[in-house]
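Two complexes are shown next, each including chain A; its partner changes from chain B in the first to chain C in the second.
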Partner chain A sequence: MAETWQLNAREIAPGDGKSMLGILNGAGSGKVIRVYRMWMLNNFTGVAYTGALLNLEIRAITGLTVGSGAAVTPVKHDTANAALDANVVMFTGGTVSGESATLIRLLGWSQNEPVVADTSLYTAQVLIPLGVIWDTGYGSTVLQPLTLREGEGVHIKCTTNATVGTMDIRMEFTQSSS
Partner chain B sequence: MANTWFATFPDVAIGTANKSHADLWNPSGSGRVIRVYKIYALNNYRATAITGGMNLYHIARITALTVAGTVVTPVRADTSLENWAATSCTAHYASTVTEGSVFRRFIRSADDVGVRMGTQFDYWGSIHEMAKVWDTGCNDDAVLQPIVIREDSGIHIKYLSGADSTSTLTVVMEFTTDTT
Partner chain C sequence: MADTWVVDYTLVKMAPGKSLMSLWNGASSSKVIRIYRVFASNSNFIGNMSVSSNLEMQRISAHSGGITYTPVTRDTANAALDANVVCSTGATVTINGRLRTWQWCTQLPTRDGREYYTYTMVYPMTCLWDVGYGSSKLQPLTIRAGEGISILNKGMSAVGLIDFWVEFTQAAS
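Here is the complex of A and B:
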């Protein structure tokens, strides 16, 4: 098995053009990062607010710095795994460069606090199996996952002008030398 | 195949914030490695109707089992293989633990599951596939690691906060034990 990591970014507020979560395999890492699965989850527990419909995009990038954002530390699936290479970085609200004009995936999201005894889409978005936004390559011997070679990254960007509420975004990825 | 186990932590009262709802512990000297492939967090509450609420949990490593709670004995998939006691590993709920890294968070509705509630997502929490909160490393996946628990460590499900403490949560873990 490849050394596997769980990246769990919590309570990310949306914003127009904001890089909600990005991962970059920086030059010099000597590693290949493969992203197998991603989720968006409505794990909001704050006070009720007036919701909004959001659009988000998954796009390739070639540069990522923390900017005014924050670093997110992934967790090893096995404590015996080697450390993640220092050139592999992950930020919420980071500053992106080299964003690809080609869209990898377009996402819709109902941003509202989840409530009990409810039938709304935003409450369904707490269920992990329904929160999957990427799983190509997972459990497959045919399809490739998102493969990030040195100098390559990917991020999830909000493209709607709304700032209410928060969401959790999660990625599962591996690090290997080839 | 590796020795496969099913641990069910049934109808554990939600209780107060930061309660450990299910733990799996691999003690020092066991000679075993635990690999957790699936975890379900089920809303099987079927007692008196309650107001309910949305509760937040997370899955985290634990680095110490300080006070063991109520013992749960996992069931083996093959009775010809070693029994649970032979592994020296343990499972409980309502333990006192020292927590390590957090793998992921999830929300579960703690409302009662009533008849004809099919359109409400409280009910969906009683459906196994919808209640699956961990499956990395299974699905015949030869690449991704499950949660690997080496000696002197463990994992648990912790109730972080929420709007209802009167209901229950049932956690199910599917895992293997091996010597390497």
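Here is the complex of A and C:
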């Protein structure tokens, strides 16, 4: 098995052009990062708010710094794993560079607080199986997962001008030497 | 693992009888393309109108014209995609078998929506083809040189937008 990490970024507020969550395998790592699955979940439980429909995009990047954002620490699936290479960084609200002009995936999202006994889409977005936004290569021995070599990364970017509410984003990835 | 690509056909405009998306492995290609999964999603919030239509996924035996989209490699260490592999919308195609038909509505999704057209922006609910994915026994949709697939708008819908997303591999045989 490959050494596996779970990245759980909580309570990310949207913003027009904001890098909601990014991961970069920085130059010098000597490692290959493979992203198997990603989720977006509507775990908001605070004061009721009126949100908006959001578009988000998955895009490749070549640079990522913390900027005015925040670092997120992934959790090992096995504490016996080697440490994650220090050149592998993950930020919410980070500053991105080298964003690819070619879209990997366009996403829609209903931003509103979930409501008890409701069937709206924003409430259904609390369900983990419905929150999957990326699973290429998961469970397949043929298809490649999203492979990040040195100097490569990926981020989820909000492209809608809305700032209320929050969402959680999760990534499941492996680290290996080749 | 096989060299893998994904292609996002973004903001595809509906039109009667239109090949909304196509993936064509040209006759001069030395590669075999295998399509593992195809998705259709309602991710566009601009100007969509309420129209239901039958869409149909087909095998095709000829392909020309259209507007092209660029696939993204899953690993930058992969060999380049054969230049004869083309991903298009609005191409002229020749049908060579009907694979699957389903109903689609291009209505604008809403934040409070409970309708199926709103749920068609939820990724796990948008998969329309996954034969062979995760199975070592079933064949994916195998596209040899001079073959392709297309999704046809069989209805008269002339308004609205739709996204398609295709996951495929390229191999020498």
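Things to note:
One rule holds in what follows: the second predicted complex is superposed on the first by the 178 of 178 C-alpha atoms of A that agree within 3 Å, B and C clash if a C-alpha of one lies under 4 Å from a C-alpha of the other, contacts with A are read in each partner's own complex, and residues count from 1 in each chain.
Everything that follows uses one rule, which is that a residue touches a chain if its C-beta (ideal position, glycine included) is under 8 Å from a C-beta of that chain, and two chains touch if they have at least 3 such contacts.
Remember, predicted model here, so these are calculated numbers, not experimental data.
In the overlay built on the shared chain, the residue A:Leu130 is in contact with chain B and with chain C.
Legend: residue contacts after superposition of the two complexes on their common chain; A:Arg105 is shown touching chain C, with no touch to chain B.
Once the two complexes are overlaid on the shared chain, A:Thr119 sits against chain B and chain C alike.
Of the two partner chains, neither chain B nor chain C is touched by A:Thr65. In the superposed pair of complexes, A:Ser97 makes contact with neither chain B nor chain C.
In the superposition on chain A, A:Ser177 contacts neither chain B nor chain C.
Of the two partner chains placed around the shared chain by superposition, chain C is the only one that A:Leu146 touches, whereas chain B remains out of contact.
Once chain A of one complex is fitted onto chain A of the other, the partner contacts of A:Gly51 are limited to chain C, with no touch recorded for chain B. Common to the chain B and chain C contact sets on chain A are residues 119, 124, 129-130, 139, 141.
On the side of chain C, the complex with chain A involves touching residues 1-4, 6, 8, 10, 36, 41-45, 70, 72, 74-78, 109-114, 118-119, 121-125, 133-134, 136, 163, 165, 167, 169.
Listed in rising order, the residues of chain A touching chain C in the complex are 51-53, 55, 60, 100, 102-112, 119-122, 124-125, 129-130, 132-133, 136-137, 139-147, 149, 152, 160.
Here chain A touches chain B in the complex through residues 1-4, 6, 8, 10, 34, 36-37, 41-43, 45, 75-81, 114-119, 123-124, 126-130, 138-139, 141, 168, 170, 172, 174, going by the rule given at the top. Residues 51-54, 56, 61, 101-111, 119-122, 124-125, 129-130, 132-133, 136-137, 139-148, 150, 153, 161-164 of chain B are the ones touching chain A in the complex.
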